[in-house]
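Below are the structure tokens for one structure; questions will follow.
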Amino acid sequence: MLLRLASRNLWRNKRRTLLTLSAMVVSLALLTLSLGVFSGMLVDILASTTGQYHGHLVVTAEGYLDDRDMYRSFAPDPQLRQRLEADASVTGFSERLRGFGLISHRESSYPAELLGIHPEMEQTVTSLHRQLVEGDYLADSNGAGAVLGSGLARKLDVRPGDELVFVTQAADGSIGNDLLTVRGIFRTGHTGHDNSLVLVPQQWLQRVMALGGALHEIAVAVDEPLRAAEYRPRLAEHLANGMAVTGWGDLLPEMREAIASFDVSRLIFVCILYIATGLGILNTVFMSVMERTREFGILMALGLRPAQVRRLVLLESFLLGALGTLLGLACGLGLNYWMSRVGIDLSSWITPVTYAGGTIQPRLKAIFEARNFIDPAWLLLVVSLLAGFFPARRAAKLQPVEAIREE
Amino acid sequence: MSKRIFLLVLSVVFMAQPALSADLQKLVRKVEEQYMGLSSKSRMAMSIRSEHWERSLVMDAWSLGRDHFLVRIVEPAKERDVATLKVDNEVWNYLPKVDRVIKVPPSMMGGAWMGSHITNDDLVKANKIDEDYTFALLEETKERYLIECVPKPDAVVVWGKIVYEILRPLEVPGTVSYYDEEMVKVRDMVFDEVRKIDGRTIPLRMTIRPVDEPQESTVIRYSDIDFDIRIDKSFFSLRNLKR
Amino acid sequence: METVNLAWRNIWRSRRRTVITVIAISFSLMLVQAFHNLAFGVYAQMVDSGVRSGSGHIAVYRGDYAASRDDRLFWPEGGLQEQVAALAGVKAALPRIYLPGLAQSSRESRGILLTGIDPAAENDINPLLKKIDAPAMIRSLDGRDALVGSRLLRELKLNVGNKFVVTAQGPHGELVSELFRIRGVIESKIREVDSSLVMVGRERAAAMTGDAGAIHELAIILDRPDREDAYIPVINEMLPGGSELAVVSWEAAMPNLANAIKLDYASQKFIFLIIVMIVTIGVVNTLLMSVMERIREFGVILAVGASPGRLRKMVMAEAFMIGLIAMIFGNILGCLATWYLAEVGIDLRDFVSDSMEVGGVIFDPVLRAAWDFGYMGQMSLYVLVLSLVASIYPAAKAARIEPARAMRHH
């Protein structure tokens, strides 16, 4: 009975209902949109960092990441490879050999880091193949092609087709050296990588460094990077003795801190957003109930018990809140969808930014995350009930006569 | 009586000490020049034992004074003609495989030369011991002098001190030990197989041992050496490096 | 005047409604003001920290050094530091020279960036030196005192007081070496700094290039960061004619930092837009509601003979007054909140370590607000205009109603 009365009440006073509803819907939709954009930024930062180089987890011999000692290498393990391939949460992995030395062209030479890769494997972990500004990616893992960062290419003054010499200390004590041909040039926006990273075929690098068949690391990409730490022990179980898995959080402590601080500033903003939204809705509902004191007086005069009046008011606010939540979520989904497809491109205004070891592309883009919808929905329902609660109590306490006379 | 002893002690402290240091400097220089020569051409074998590799090289070397130096690998065949040129403070490597001369940049000066326990920087800074250090006699016996070499305060030297052993009566180097600033020994250089060649008495073999890695060593042995050959600075050119 | 009086009486007659509306609007205003000021303060801090350890608000370089970092682009300082530092409004002029090289101890060697500074000028400015005590500071321009990064110290297996040798490329491509002695340790928590920074007196470093007066950069710190445009031409005038020297702003010298700030700013602008939109709809709705609910009352007023025009004016006057009161309260609250955030701030140290890196510079983990009165004024005005605009529709509507029907309205 009360439910019917409540819904009829809402329906009868269309203008008031619409006003309140519009406040709810707009606030909720905007709230979910900004949460989506926040999530988008975070994922963007993380993806760019890990996608430029590290991947989300790295398998190495113990201690390799500390001193990059070239002798801390290991042989490819077919079983591990199979296991990685079979794991549904692993989206890609790349076996790599790393070499540090001098890269030169004509008179100029610079220190460089060479990454010996299988091109098709590397593409499942890093996005460098999509960041080429000139030439092509490596074609196979055997030739003598090189894909290098734009800063290094500029310093060496090379273009695709030019010849490079790589000189390093080989594992057998000799001076490892050989020619490379520039195939492509990438630009990530990360100054460190752009100025020193060179991708080369793995077998070529193994030959030059006299490290036949050896690897230094396996970079692994997983489907949920923020939970990479949870995969770590699972992966560690299957490793041979003397091997270790490191998550991106330990590879890039700066990144972890950046994300922590980002989380804090996001928390601050989300709080403001929630407060602003809550305040707006609270007020609208509060006002609309207050204004009806007289009406409640009449209802009580007609024999409705105070408890029933209270329930009626709460029910109305709840219905309104539920409706607002539904519509708000629908609008929010729409806005998020639009923001995830279109986004706001800022590249005409700013260039990519290096941020705690990662690079952020200059754009605002939303991504979908369930909690960005669930939390605001709860908030709205709770706030609308809360907003109904006080005036409802007050209305129920009134003497009918007083209530009718009010205003 | 006591006064005379006191004066004697005083004169030793104030007069003998500097004179002694200068003498020692002269002695060290003489010993160093003995085996450096004004100019030389040699064939040497270098065998290296390190944690990760064991290798043996045969090299031809030419030198002129302290500042000009050219080495070319003869064996193994795989590394034949790989060469190093040092002129004053610069070092170049020639790599026949890619037919390129690469100048060793500051960043690679700490790297091992030809995989040995000698760094590129050792090549550049080698043999300036008589200029950068002050000397004190630690021990004098019939067999040897033991000389403590302490770097001058501003000398561009990483060592805390060097203890230089000179064997008597031939006055050839014996063991030279390098210490860090905590006076912990870092490496030993041992000279032996003393021979008389072209009127000079020199040790033919030099062994370098890092103290932290006792099983590692680099041994250089001259199989053939000529001193005071006719050679001038123009020999030590990039063109000659490539040959 | 009579309208105003009437409106004033009206808004206090239904005190509860007024209070709710005022609270809603003033809280919204406070939120927007306080958090804009917080963001404003954080940017100011980032810029400040960035320019102090980086290029200054304005920097003098030779050629395209800012972009290419080509070591050969050094130039003779020639007294420019003193001249610039003497300008009114210039807090400090910091000459620096940067030489990549190799540091060697008796046991290890590592690639480093040898940074020559003027310790006296740098000491109070550079955030990297904040934790260096006076006795650990470099004592002279041409001494052998060095500050080294903490990781570098470990990797070279050295201790404070030990010596090490730095080798770099000389003016003609030859190798030059210098001896330095460790006086202090810099721990910035930025991996690159900690593992490769060696800071020494600039003349000792510059001597390696063959000219003890050489520098790569003159970083100029201003008293007021927003005055950089005014100083660029002034300093340009002081440069010797015919040289390749050029004066650039920090945005041009440190594009990465500038972009990081711009990007952050863009995203915050976006969020602010959303907050303002949410606040707007809240304010408009509250006002609309408060007017709409009074249609019966308006009917009575019209019935007793008031003209629709007067009624309209009265409704708008009421809205304006509520807006005005809310604005005053909102500003008071906004000032209090900003004051708190400026004095106490938000401490992030529970979440992150002592310092953070953004766009290549460290900044303080305590977020502090700064006063942006212009923005506070703008927002106040916006709220006032908003309350007026929000009342136009209901006012027009109120004036058009028929008394008889309005009175039936409940």
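Letters A, B and C mark the chains as written, and numbering starts fresh at 1 in each.
To be clear about the criterion, a residue touches a chain if its C-beta (ideal position, glycine included) is under 8 Å from a C-beta of that chain, and two chains touch if they have at least 3 such contacts.
A quick note: this is a predicted structure, and the numbers were derived from the prediction, not measured.
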Pairwise touch network: line, ring, star, complete, or other: complete
Chain pair showing more contacts of the two, A-C and B-C: A-C
CA centroid of subunit A to CA centroid of subunit B, Å: 58
Distance from subunit C to subunit A - Cα centre to Cα centre, in angstrom: 25
Intercentroid distance (Cα basis), subunit C paired with subunit B, Å: 58
Junction residues of subunit A, two or more chains touched: 111
Multi-chain contact sites of subunit B, meaning residues that touch two or more partners: 103, 105, 107
For subunit C, residues contacting two or more additional chains: 111
Sites on subunit B touched by subunit C in the complex: 88-91, 103, 105-107, 109-110, 119, 121, 124-125, 154-160, 178-181, 186, 212
Subunit C to subunit A touching residues, read off their complex: 14, 16-17, 20-21, 23-24, 27-28, 31, 35, 38, 111, 190-192, 255-256, 258-260, 262-263, 266-268, 270-271, 274-275, 277-279, 281-283, 285-286, 288-290, 292-293, 297, 346, 348, 351-353, 356-360, 365, 367, 410
Residue ranges of subunit A in contact with subunit B within the complex: 71, 102, 104, 109, 111, 165, 167, 169, 171-175, 177-179
Residues of subunit A defined as touching subunit C within the complex: 15-16, 19-20, 22-23, 26-27, 30-31, 33-34, 37-38, 41, 111, 191-192, 253-254, 257-258, 260-261, 263-265, 268-269, 272-273, 275-277, 279-284, 286-288, 290-291, 294-295, 344, 346, 349-356, 360, 362, 364, 407
Subunit B-touching residues of subunit C, taken from the complex the two chains share: 100-102, 104-111, 144, 162-165, 167-170, 173-179
